[in-house]
Amino acid sequence: MAEPNGEITYLEAIREALFEEMERDANVFCLGEDIGAYGGAFKVTDGLLAKFGEQRVIDTPISEIAIVGAAAGAAHMGLRPVCEMQFIDFISCAYDMLTNYVATARYRAFLSTPMVVRGPSGGYVRGGPFHSQNPEAAFLHTPGLKIVYPATASDAKGLMKAAIRDEDCVLFFEHKYLYRRVKERMPEGDHVVPIGKARVAREGKDLSIITYAATVWKALEAAETLEREQGLSVEVLDLRSLLPMDDEAIVATVKKTNRALIVHEDTRTGGIAGEISARINELAFEWLDAPVLRVTAADVPLPYSPPLEDYVLPQTADIVLAARRLAEY
Amino acid sequence: MATRARGGRAPAAPVVQAIDPEVPGSAAALLTREQKLELYYWMRLTRSLEERLVNLYRQTKVVGGLFRSLGQEADAVGSAFALDKQKGDILSPLIRNMGAMLVRGAEPTEIIRQYMAKGDSPTRGRELNIHFGGPERGFIGQISHLGDMVPVMAGVTLSFKLRGEERVGLVYIGDGATSTGAFHEGINFAAVQRCPLVVIIENNGYAYSTPTWKQTAAKQFVDKATGYGIPGERADGNDVIATYDVTKRAVERARRGGGVTLIELMTYRRKGHAEHDNQSYVPDGEITRWEKENDPLDRYLRQLTGELAVKRDELAAIDARVQEEIDAATDTAEQSPMPEPTDALVGVYDEPKTVEPLWFRSGVKSAVEKNERAAGWGTFDG
Amino acid sequence: MAEPNGEITYLEAIREALFEEMERDANVFCLGEDIGAYGGAFKVTDGLLAKFGEQRVIDTPISEIAIVGAAAGAAHMGLRPVCEMQFIDFISCAYDMLTNYVATARYRAFLSTPMVVRGPSGGYVRGGPFHSQNPEAAFLHTPGLKIVYPATASDAKGLMKAAIRDEDCVLFFEHKYLYRRVKERMPEGDHVVPIGKARVAREGKDLSIITYAATVWKALEAAETLEREQGLSVEVLDLRSLLPMDDEAIVATVKKTNRALIVHEDTRTGGIAGEISARINELAFEWLDAPVLRVTAADVPLPYSPPLEDYVLPQTADIVLAARRLAEY
Amino acid sequence: MATRARGGRAPAAPVVQAIDPEVPGSAAALLTREQKLELYYWMRLTRSLEERLVNLYRQTKVVGGLFRSLGQEADAVGSAFALDKQKGDILSPLIRNMGAMLVRGAEPTEIIRQYMAKGDSPTRGRELNIHFGGPERGFIGQISHLGDMVPVMAGVTLSFKLRGEERVGLVYIGDGATSTGAFHEGINFAAVQRCPLVVIIENNGYAYSTPTWKQTAAKQFVDKATGYGIPGERADGNDVIATYDVTKRAVERARRGGGVTLIELMTYRRKGHAEHDNQSYVPDGEITRWEKENDPLDRYLRQLTGELAVKRDELAAIDARVQEEIDAATDTAEQSPMPEPTDALVGVYDEPKTVEPLWFRSGVKSAVEKNERAAGWGTFDG
């Protein structure tokens, strides 16, 4: 599948991680709706059934509670399940199981629950209100869970490997807009990206954009524009992990540029930008030359029609405008 | 019915005076010739409208996925026809029930507009495909999360009961979606409350790529009825008259205070989950067999021309009318405008009516228009 | 039930609101587990069955999805259901129904869904991890919902009346620690407290504590101590409504005191203090003389044993300490 | 069994060589005299330990609510006894299954510590009442959210199947909790996967104050089995031998690859939902009737002294042993320390092991000790 130059897509990188981890560790198995013969709604698990058989690639009933709950039970017994949500929007059906059963298992009962819940997330694809969600804020609030949301193909691979090897439950959000749009050559060898570490996607000194997932690319585009049109040097921090969050990296970039713009695709109120803003306030208030600002989606269910979706979701031009304003502050 | 004499006028039906929920055939026997032709009209309209949507989809005029009910038209149309418009019955359709929505008054124009994400579509471009409706129209729009409409319809019909209204509700559920917790909680709640609700499991053999045997270990879905303490019936969902009959009797039971009925309609999904799905997981020959031997329109045509002695040209006239309606609807829909971007901010709450634009959108429209267009238009494959 | 002085408890105030609204409007009805003959686990609905009968006070199966979903369906038809979650912790089971079906109904389908979901919430009562939750942060993120969380008996009554009359779905969190501990004389007449308006619980000029629910009382205690021991004049803002949030009141108090401490009982990361902090930053940065600080629970599932629960939840002494630090900044 | 001759030695049981899942009685017939006495021991221990807990509760030494299984001891003990410790079987108990936990090795000391919220309780004071356990102990701790353990046990037993282990799982579910979506999804998933899982519905007539007829319209819960395509059996849950027999046969079926069995055990909850509940909603005389006519310990005592001709003093010796154990356990538990506050920060994740104390807790312990103590100690009535 790799291009002649050795590049593979974000989606292929996830698949490669699944292949490698399933080969490496016989305890790893996948379960979800239509992940076997069909290879998953987006074909992420394509080829896994042929290679690993029905015992390790399990088509389930349409039962998100059972998928997550059964994964937890199997994980207690030492297996390492990787659950697919056909679209991450359906993780909401397993909200109780994840937040009450899975997240607390270690704390209240000293049970290990090494499992991954992954699925296609995010908008910009005309998916409408129920096939475009970004559920990170709903889970950020739950001690015991980990959350990652990669922006690049190599991070997708490396974080998937880390997630599968983690002793706790990791929610692995895959941005479907990026599935086939971003490509990269994978690093050699056993490429594992540690959970909890952000990545400086672009160095800069005038202001910092803190973001993750699809909007990392929009932030990078905006940074180019700002450099070209305004001569502004913009740093872009790709969080990659949302829980735990890399406070050190956040504080470092704020101390460097003294201006922070947080960008996410999710709706504004209660979105995770709030948490980031609060942390910057607590940890680096004295370094701030301007208020921490947010560029996010508007507070509405995500509509489907292109002009509406484009209007609701944050766009590169919004980031440019907001960054300019922040720089001028 | 199948055993009745072919050719010539159909023999007089046995004299049936009223619908008896417990007597199979007692509802079908009361159908008039006009009603039977109407059933044909709705089935034909369903099929042809979907064919038109396929054309539009191929022209990339449809935004998002396209979902077909090819081979399932009888089940949607026959069951919806069993509801009573005057009495204010309400149904909740699924993605394979465009036929049911048409019967209840959805217009081809609005369906095409909706698929094209137009600003004057029934949801003003907010929701996709056939996700629209409202109680006053006799059908309520579904959401994607499978199973959720069952509790909701339990509540709609609970309101009928609490208010002493003689109205009935009907909710469809796919074979796959019977595995959801929402289905279980909803049907159980309705059964305990004796809500006037008919629950139809459309067993079309697959949930996306998953065959029914991976969905349940039960021999048949109708076996679930006893576990909820409600009557259950199984019928041939590709026989529009049988579908009508079994549903109508359940509707009557509900209307008379007999509570929930579970119906399993046997049918087959001849196309993929959505247009992008190549059905590679389907055993060889299965689809053709259903197409050849068990197409609901073919079967009904045979019944009509045989038993009822309907003339070919009468049917051809219906087909022509359907085509005209669809052509007209397509023209109208194509001319519809896309939504105004800022309409996105209207109507999250009753109060405030409108969400404030975000601060970085002060120069709103210009900011958006300067944007790169998100790619992916029409490539969404969920 | 009222005391000789006419005072009634927070719990009785809620019951009174239910009685009055059910009398006023025949469309109002209650449903939930054990709310009929038993009167609810905490007896909030005690007496409703006797007065309004089985048609309007419905004992349901243990089915939170169905309770909320059926309420939504009935609400579309013009009824005004009030759902009880036996403990608010079980609202997690209906997370999908609330966030996907109910919250979006008006936006995607122009359907009214006037309904209330209420239930005993919060800790300080040795309830352990599954009978002590504060779920507001999980729903703050969902446009289409409203959230209130009263601290006083009169607000409990007035907000319940407003919630029942609201045309949208209101999540009504009742703090079980306050049920029988706070008392008040109810204002005369049809006492309705508008949703979206905060309340200044104590005037002050040196710093502002922004909080809601049980910690309002801890903040007031802390304010007394600070006044007495430090001569500090502390303003306490009781948000009452969390969605929509009263930005005006928040900005007003910050502009007045220039120092803001946000206090909530919920866990820290992803708790709603983040959102408040971000808003203060955006709306009143120039007025801040110190970073916005947070006093919250620690990021762990809430343990049950008294020494553990006491340690994890924010206490008055924590607020005193944090406020002192903020004042000295 | 009830028809067997009273007095004297029991007649030799019919010669049964092996357990046949399809032959009722074939498991019970293989029970030895020692095993039968052991069953008595566990039932007595369950009842007496709960009585001790009531004393401690009245002395306000129990933190939080107290949940009884009075009158249900046979159902918990008989079913748990059907699992095999050597083979590594695992069960998931509910709040009425303290007896099952004891059978599987839970110690009275740890149960009392747990109820008293002690620092050396099995959860170090994190969880309440009998919410504790771990797979290595043969029972897994429940959470409060009803139904959730069914999917979890589906996964535990899926692991047995995937690894080709001959282990079996058992999960209890209350009549009330059958209404949850989690129950439905979990049992259906396990049925399709043919997981080696036994699902026991404990029908004790009530869910909190709600009688079963408000929970389901079904005549009996076991009717749900067909809808999941699995075998179902109903048995007298107050007959410890019958309970053992029906469970053991289901366990054997599961162990031989026969998948899930649904068992409905008929019993009765003689105390309130928890100690604070005055049961005002129970019809007059119902409780006394069960107490007088259908107490599982009384019934079993009659069986033992009759059929097995066990002497009164042999039984008295068991009772005495139980009392001693409970006394010793109480003494030990009462001396246990409460947890150290900062232990609250340990073990949310594998890494990092400990959460950092919050900044305002720098003078940590002092800050807490200066605090007002939250009132409500022991008043929690959930």
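Note that the chains are named A, B, C and D in the order they appear, and that numbering of residues resets to 1 at the start of each chain.
Everything below uses one rule, namely that contacts are C-beta pairs under 8 Å (C-beta built on N, C-alpha and C of every residue); 3 or more make two chains touch, one makes a residue touch a chain.
These figures come from a predicted structure and were not determined experimentally.
Colleague: What is the chain whose Cα centroid lies farthest from the Cα centroid of chain C?
Modeller: B
Colleague: Tally the contacting C-beta pairs at the A-D interface and at the A-B interface, and name the larger one.
Modeller: A-B
Colleague: Approximately how many whole Å separate the CA-defined centres of chain B and chain C?
Modeller: 41
Colleague: Quick one: chain C and chain D, Cα centre-to-centre, how many Å?
Modeller: Computed value for the inter-centroid distance: 36 Å.
Colleague: For chain B, which residues are shared contacts with two or more other chains?
Modeller: Within chain B, the residues that touch at least two other chains are 126-127, 131, 143-145, 179-182, 185, 188-189, 192, 214-216, 348, 355.
Colleague: Give me the residues of chain A that touch two or more other chains.
Modeller: Those would be 60-61, 63-66, 89-90, 92-93, 96, 100, 104, 107-108, 129-130, 143-144, 282, 299-301, 303.
Colleague: Using the touch definition up top, name the residues of chain B that touch chain D in the complex.
Modeller: 179-185, 188-189, 191-192, 194, 213-219, 223-230, 259
Colleague: In their complex, what parts of chain D are in touch with chain A?
Modeller: 123, 126-127, 131-135, 140-141, 143-145, 148, 150-160, 162, 181-182, 185-186, 188-190, 192-193, 347-351, 355, 359
Colleague: Can you check the complex and tell me which residues of chain C touch chain D?
Modeller: So the residues of chain C in touch with chain D come to 33-34, 36-38, 41-42, 59-66, 86-87, 89-90, 92-93, 120, 124-131, 177, 181, 221, 268, 295-296, 298-301, 303-313, 315-318, 321-322, 325.
Colleague: Which residues of chain B touch chain A in their complex?
Modeller: Going through chain B, the ones touching chain A are 63-64, 117-119, 121, 124-128, 131, 143-147, 176-177, 179-182, 207-210, 214-216, 280-281, 338-345, 348, 355, 357-358, 360-361, 363, 367-368, 370-382.
Colleague: Which bits of chain A are touching chain C when the two form their complex?
Modeller: The touching residues are 89-90, 92-93, 95-96, 99-100, 103-104, 107-108, 129-130, 137-144, 243, 245, 266-267, 269-278, 281-282, 285, 290-294, 299-301, 303.
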